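One chain, chain A, links the two complexes that follow: it is found with chain B in the first and with chain C in the second.
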Partner chain A sequence: MLRFLLTLFYGFALWAGCAVAAESAPAVAPGRAQLLAALLAPPAEQVAAIRGLVGVEDAAITPALTAWRAGELYLVPLPDGSRVPATLAPAPNGGEQLVALSVLDGTAIPDPAAAPGSATPLLIAPKSLKPLDTTAPLRRAMRDVLEVAGVADPSPSVRRESIERLGQSRKPEHLPLLQARLVIEKSPVVRTALADAIAFIQLADSSHTVRLAAIAALGEAHSLAAASRFKELLAATPPPPPDETAALTAALKKIESHWKTVNFFGDLFRGLSAGSVLLLIALGLAITFGLMGVINMAHGELMVVGAYSTFVVQNLFVSVFGATSTAFHFYFIAALPVAFVAAALVGLALERGIIQFLYKRPLESLLATWGVSLALQQTFRLVFGPANVQINAPAWLQGSAALNDVLFAYNRLFVIGFAALVVFGVWLALNRTSLGLLVRAVMQNRQMASCIGVRATRVNMCTFAFGSGLAGLAGACLSQLGNVGPGMGQLHIIDSFMVVVSGGVGNVLGSVVASLGIGTVDQLLQPILGAVIGKVLVPFAIILFLQWRPGGLFPTRSRSLD
Partner chain B sequence: MSVPAKLSDVEPRFFTRAQWASFLLPTLVLALVLPLLNAALPAEHLLRPSDFTLNLYGKYATYAVLALGVDLLWGYLGILSLGQALFFALGGYAFGMHLLLMIGKDGQYKSDLPDYMVFLGYKALPAHWEPFYSFSFAAAAVLIVPALIAFVFGWLAFRSRIKGVYLSILTQALTYAAALLFFRNDFGFGGNNGFTDFKRVLGADLNSPDTRRGLYVASVLLLAGVFLLYRWLTRAKFGHLMQAIRDGENRVLFSGYATARYKLFVFVLVAAITGVAGALYVPQVGIINPSEMTPEKSLEAVVWVAVGGRGTLLGPILGALFVNALKSWATRAAPELWLYIIGGLFIVVVLFLPGGLISLPAKFRSFWVKLRSKAPAAESLAAGH
Partner chain C sequence: MLKKIAQTLGLGAFALGAFATTTLRAEDTVKVGVLHSLSGTMAISETSLRDVLLFTFDEINAKGGVLGKKIEPVVVDGASNWPLFAEKAKQLLEQDKTAVTFGCWTSVSRKSVLPVFEKNNGLLFYPVQYEGEELSKNIFYTAEAVGQQATPGVDYLLNELGKKKFYLLGSDYVYPRTTNLVLKEYLASKGIPESAIIEKYTPFGHTDYQQIVAEIKQFGASGDAAVVSTLNGDTNVPFFRELANAGIKSEDIPVISFSVSEDEFRGLPTKDLVGHLGAWSYFMSVDTPANDKFKKDFFAWIEKSTVPGIEKKGRVTNSPMVLSYVGVYLWKAAVEKAGTFEVDAVRAALESGVSFDGPGGKVTMQKNHHITKNVYIGETLADGQFKILKSYEGVYGEPFLKGTFGKK
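After this line comes the complex of A and B, so read on.
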């Protein structure tokens, strides 16, 4: 008994403290107060009070009214006689009891009887409370408020979405609200959406001039939604007056030609990034092939080594720094050199173990490396599992920049930039370093180079490791664009072979032109012919191309004839 | 190329008497004795080859024809085609179309249309399917479709003197592209699932042991016939030319031979014959789908040849048998090891046994000779002291 009294006392003290704190705190936000007033108002005044919430800016309005409308809102009485609007949810520690989640801030209401400072939630027996009543006029009022509540939401993206929805609904009664919002709205994106929505509603305006102005405005704004609406209006019976028909047709044409351009540039951009990916993969291949005349069928798997290295580095960063830390977002920077080195080491082992014995038998080295690729695939499957692994893009690679409605995804931009950087690096390494000089010498004439003292074996080894490392870099990049799994290497490898064949052997420029060309043509064909046809046509196109230039785009000139 | 061809290797006679015997005996056993035993003996008899065994051998025989084609191109002509599975699958598809139409109303949907067409909402049979009701048209298509594709591709490729790894990669891309195309539902060949659930061929029930035995015998006879044909081709002057092209195409070209035409002829011939093998393969396994024409399948056929021994005609047959037997064992006993085994086979054969299994006896013999010649020398040395 004594304990009960004590608890009660402490509870009272806590509540009193809270009350004092609340009084001394800055006054409750006006929107919040208005919402509370509407909730607690006598039934006769509730409809008017709710309708008064239209356009009021407060995050709690939507959850409160949504719950109320669904009959899930409860007024939880507190010992001081006040009532807190809340929804009920099962207690986290199980049991029959429920906890009350305040709709005002979404947190559990603390037990006033609990010790001060402890976060014990108030437990409520099921069925002990009745949900707040709703009536048909109330629900109607709530629906109207909810419909426009998003317009005043603190988040610009929510505002924009709900404004677009209002525009689509084309109800003239929303017009004053939208126009009022346009006066105070600051975000440029939302302002555009507001203007579009207003014009959309004004399409049905009684005034002829307003309608014409709205059509022109929507045409200027290149609104896709307007385009389909325009088509409906043009097909309507009776048809709109002639000058309106002309305005509609002109605006429609404008919108369509705009989006055609946008899609074209979007496809071009995607083609460029796909080509960059191909370039990254094919560059290493072109180098190894150029030097050794060996098509390394395991090149795709070397790429996967790079991708899995990225995965491992990511996990390392998560376990050392935590998944939410700022440092985590730089794991990718650390993963790039790791991927390069890992793939280069595997390539080195491959060259020492197998390829060095087969320089004079290119067809057979193709087969042996295919055997290696099978074994590596199975190894990936056994080590990392047969399913794709999860790689989270760092924050700075997520999202996209929009330029005149064309979206430029950051990860694709990164790949393009990175490919350019790698090409430049490879060019530098081949043309401005002593190793590059030796590599070129061995490429042009292995025997002559050996005769004048170039250690061809070592050059072969280094070059192969370098080419393999480039594959690793490509894999790391690809992990940011697509899935990483054991079969990932097979996906791109045939395309990159095509690049090497059509670009000419051992030629950086040829690989650049060929990969960008193949990537772009593939992407530009896709919207016209469907996803696969582009890939199907590419080999045929290359065969036809080789009729014209049998040595590829930039053949190595040589007098030798086998 | 690593397998040297000396003209003295090439015997003037087609077959010696002993060779005839060693050819006819296994052919008789496989094509006559085994099916007879299977038909005549009671089910539990010890000597009776089971229906399953016959079916398996029949499948292997069609594989061996595929391998022989790869070998004729690679071992004799120096063209490593990674697209042979495409021709195999095209033959299979052409015959599969006929088999699919022969199901009639016995399919799941009890419709005149094949099941997958009903499923995809076709209203009528596409026009290019109509002629496949006729067996002889389908049989002709089995030969002509692969040959036509091979002709167009080969004409373009050989004309511009694409060879070596370039040609390998292009053939690989060709079969890859075709597989992508056949995987699509709207390409009209059943997409992913391909054709299956066949019921009858030439009016005979495909599930009856008699029909299956017939298919098996046909496969063995095809293999024997193709073996003889290739043997004849490689023994004739034509064969010498093929090997000369393999070892030094430019020299042959400069001697006045239009090498591209020779290569094209062999490429097309092999494609057509491989198509026939594919057509016999399909009713025996009961399904054809695009995974049969992926580059991996082609490369698998290359392994058979490499393991068996290329540049010989017996090697590919042995290789196809050996690797497939190994595969059916490994995929049951240790499925996760299969890729290691086949990958390892590739590496080992390429590095250490370029002549394949068939070169093993000769290797042992020379090893034995070396051992014998060394041993007396050591003895005489010991006696001298």
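After this line comes the complex of A and C, so read on.
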């Protein structure tokens, strides 16, 4: 009976809403009067008054209740004793005072003391009014009203969210509203949400066939929310009838197997993305340590140089174009070459200043570069401060795409693509350019190369700068994933050595395979063992692996390392 | 000038000069220790506490000091090095003979100085949220106990938001693990089954939250789940960034964080945190005349301060700072009540229940060395402030919560 009445009520409300919209706005719409009554009602009656607004269509209801729920609604007293519900906004002339915008029509309340007909708005001193109180039951009532109103919201994402919530509340009285919406809804995403929500409510339908159809529909939709509900239903006493139990079990199985597949591909993607991050941070080292044999403990700080370059470019873009401009979102593209060049220059200075004297003394180069790393860290602290700096991701690196329920975050996709590009670039540079030929010659046998006229010192210099530049690129990418601070390099230096050593020193391809392998194993182990044990197990596994194959995956014979 | 001398004393650089000044000033000053990390990893957080303590001493000295004596701060640097904390505590108690010490942030630093304070019968005020399960006769905990932050936070999720599933995520150390142990018992007492709780930890400096966020998204698909986060420091950046990228909104799966305050927002992309929750006994946005005055005076002091290396830009106030501030005033009230600086008498006065109207509301010292205080639940705004959604007034501080909920 109640349901019937409510249906009738909804129908009436919809009709009334349409009628109001069709006529040229009357002085006070019935919905608005009801809203005003609810706002001014004594506290004890407010919950019931708000619940009365469910399904009433009026443009003022959503903004008024949203503001009230957020504690931003005020009752502005007027000299004639009446009170007007309003939100407060800064006055247009920029003074301390605030103007009151009536929630009923969105216009500023005129000052009653001013001459009639003048447009002087009423000014209110800040903190002179207390916002209208809210309590948990009130907010819950407001939420119910807003959810029902949200079904007809112009924004599809608001519609979808409201519909999902209505479905999860499983209240049969919302069924007619949702079904009516399904007839006129055009957005495919919202339509799916509607179908799911309707099926969800129908799980408790009195008709056996409707229930079975709803179970099948939810199973087909792979709804995770339904899976937990199905489990509750199966565990309930008394248990559902046998054919329903069978349908529930079948649907549950379908959902679970779907999500198992989703998680498998998700894990693969996450492994690939974790591997790409490792690859980017190790690639520079694969050149400076792998090919040149320099144990560079300051490699991490070269990455930090790249990350801070990104920060500087970002700030430059903000000051030149402004933080909200479209140009801002391309700062990252500009930051990549800057990061490469900055880190390459620091690497160049490092090679010229220290490392060139230590090619024959690897242990001393380890100590010297460690010292450099500490000095660089302190420099970052002095220049940029000890706290982390904020880097905002450009819009095109935020969010994610979903393909068959597997999420692909844009920043992760970017890192994977970028890592592939950099690997390809390194391969081209080493194998398809004359400089690459010289590099390989010097790395294989420095003295012989010098004998036949290769300027070995210059080649060393360029190779080291190139490796450092790659570290800078890695730093720029990391700035989109994690923190940028003076100590950031220390977090990654172990990982990068781990990759290069297990891949085989002196072999870039080894680093590629090792990083992807370590990344995938780490991500596959994480859901089973947790992040902490994973952090312990992966290096342990690498140690065992190196016991078995001391040269790494692809051992190379190179004179410089013998 | 006085402050300069005090610093010189604190650094112990000129022992002879220090000796001369102490004998000169011994009559009209009282030495108070400040034991925080001013270098190393914890310096980012702890330096703010040193600043607020020095401000409080100046404020009290300007009004005539304590029992007519001016406070003479002795600032030492624990350098984020836990054994060094114990050495510095020893120096403060045995060499400088400080009447009281304000300090420590991490639980491990507190644990390492605890035996030193007990042996020398010293007095330490500890201001940072912690896991409880400790009660020393020489330490007063102005900090939030688990019952003054985590359980009210979970109450809010249960009662106001109607959440039924909980994902407990923390950094891997003692505070998150103990807090979650208590929370699991608390949730069980509220009828939440074990199957509706997931507990996960990540190492310090963890940057890859892909797996965790994917799991949260599926866990929260039913719309009645929330994340309770005790993630520490900058690991929050990759976590919240990943969360935002996965399209998880605070309306669907809210995250309540217990280790992110206004001070931490200085290094976080606040845009990704908007709408998520925090629970503290003080927010900078608390709208009371006492808080307005505190903020105004503190920022004015920062502006004028000549402390070397003090950060002047973008300063905020947060709960640990305010709990340091009220700690000093509670001690002052107790000293005035006892009429002496003698530790045993001051302790007795503190235990008798002194009160102070602080920026976050009234606080009262309890017999068990914790304080009764207000607890606020707030929602993060885009400018790195909290909007207060709910306040719990006069929450009792109870350090030993483990095992108490099951018995009810």
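Assume the second predicted complex is superposed on the first by the 420 of 562 C-alpha atoms of A that agree within 3 Å, B and C clash if a C-alpha of one lies under 4 Å from a C-alpha of the other, contacts with A are read in each partner's own complex, and residues count from 1 in each chain.
In this section, a residue touches a chain if its C-beta (ideal position, glycine included) is under 8 Å from a C-beta of that chain, and two chains touch if they have at least 3 such contacts.
Because the structure is a prediction, the values reported are computed rather than measured.
Once chain A of one complex is fitted onto chain A of the other, the partner contacts of A:R165 are limited to chain C, with no touch recorded for chain B. By the document's definition of touching, of the two partners only chain C reaches A:A393; chain B does not.
Look at A:K535: by the touch rule set out above, it reaches both chain B and chain C.
By the touch criterion defined above, A:S155 lies against neither chain B nor chain C after alignment on the C-alpha atoms of chain A.
In the superposed pair of complexes, A:A136 makes contact with chain C only, with no contact to chain B.
In the superposition on chain A, A:T245 makes contact with neither chain B nor chain C.
Contact with chain B, but none with chain C, is seen for A:W370 once the two complexes are overlaid on the shared chain. Touch criterion met: A:Y410 reaches chain C, while chain B stays clear of it.
Overlap of the chain B and chain C interfaces on chain A comprises residues 530, 532, 535. Within the complex formed with chain A, the chain C residues making contact are 41, 43-44, 159-160, 172, 200-203, 205-208, 210-212, 214-215, 217-218, 221-224, 234, 237-238, 241-242, 244-247, 251-252, 266-269, 271, 287, 311, 387. Looking at the complex, you find that chain A touches chain C at residues 71, 127, 136, 139, 161, 164-165, 168, 223-225, 228-229, 259, 263, 266-267, 270, 273-274, 277, 385-393, 398-400, 407, 409-412, 481-483, 485, 487, 491, 522-523, 526-527, 530-532, 535.
Looking at the complex, you find that chain B touches chain A at residues 2, 74, 80, 153, 156-157, 159-162, 164-166, 168-170, 172-174, 176-178, 180-181, 183-184, 186, 248-250, 295, 299, 302-303, 306, 336-337, 339-340, 342-347, 350-351, 354. Contact residues of chain A toward chain B in the complex are 289, 293-295, 354, 357-358, 361-368, 370-375, 377-378, 381-382, 494, 497-498, 500-501, 530, 532-533, 535-540, 542-544, 546-547, 550, 561-562.
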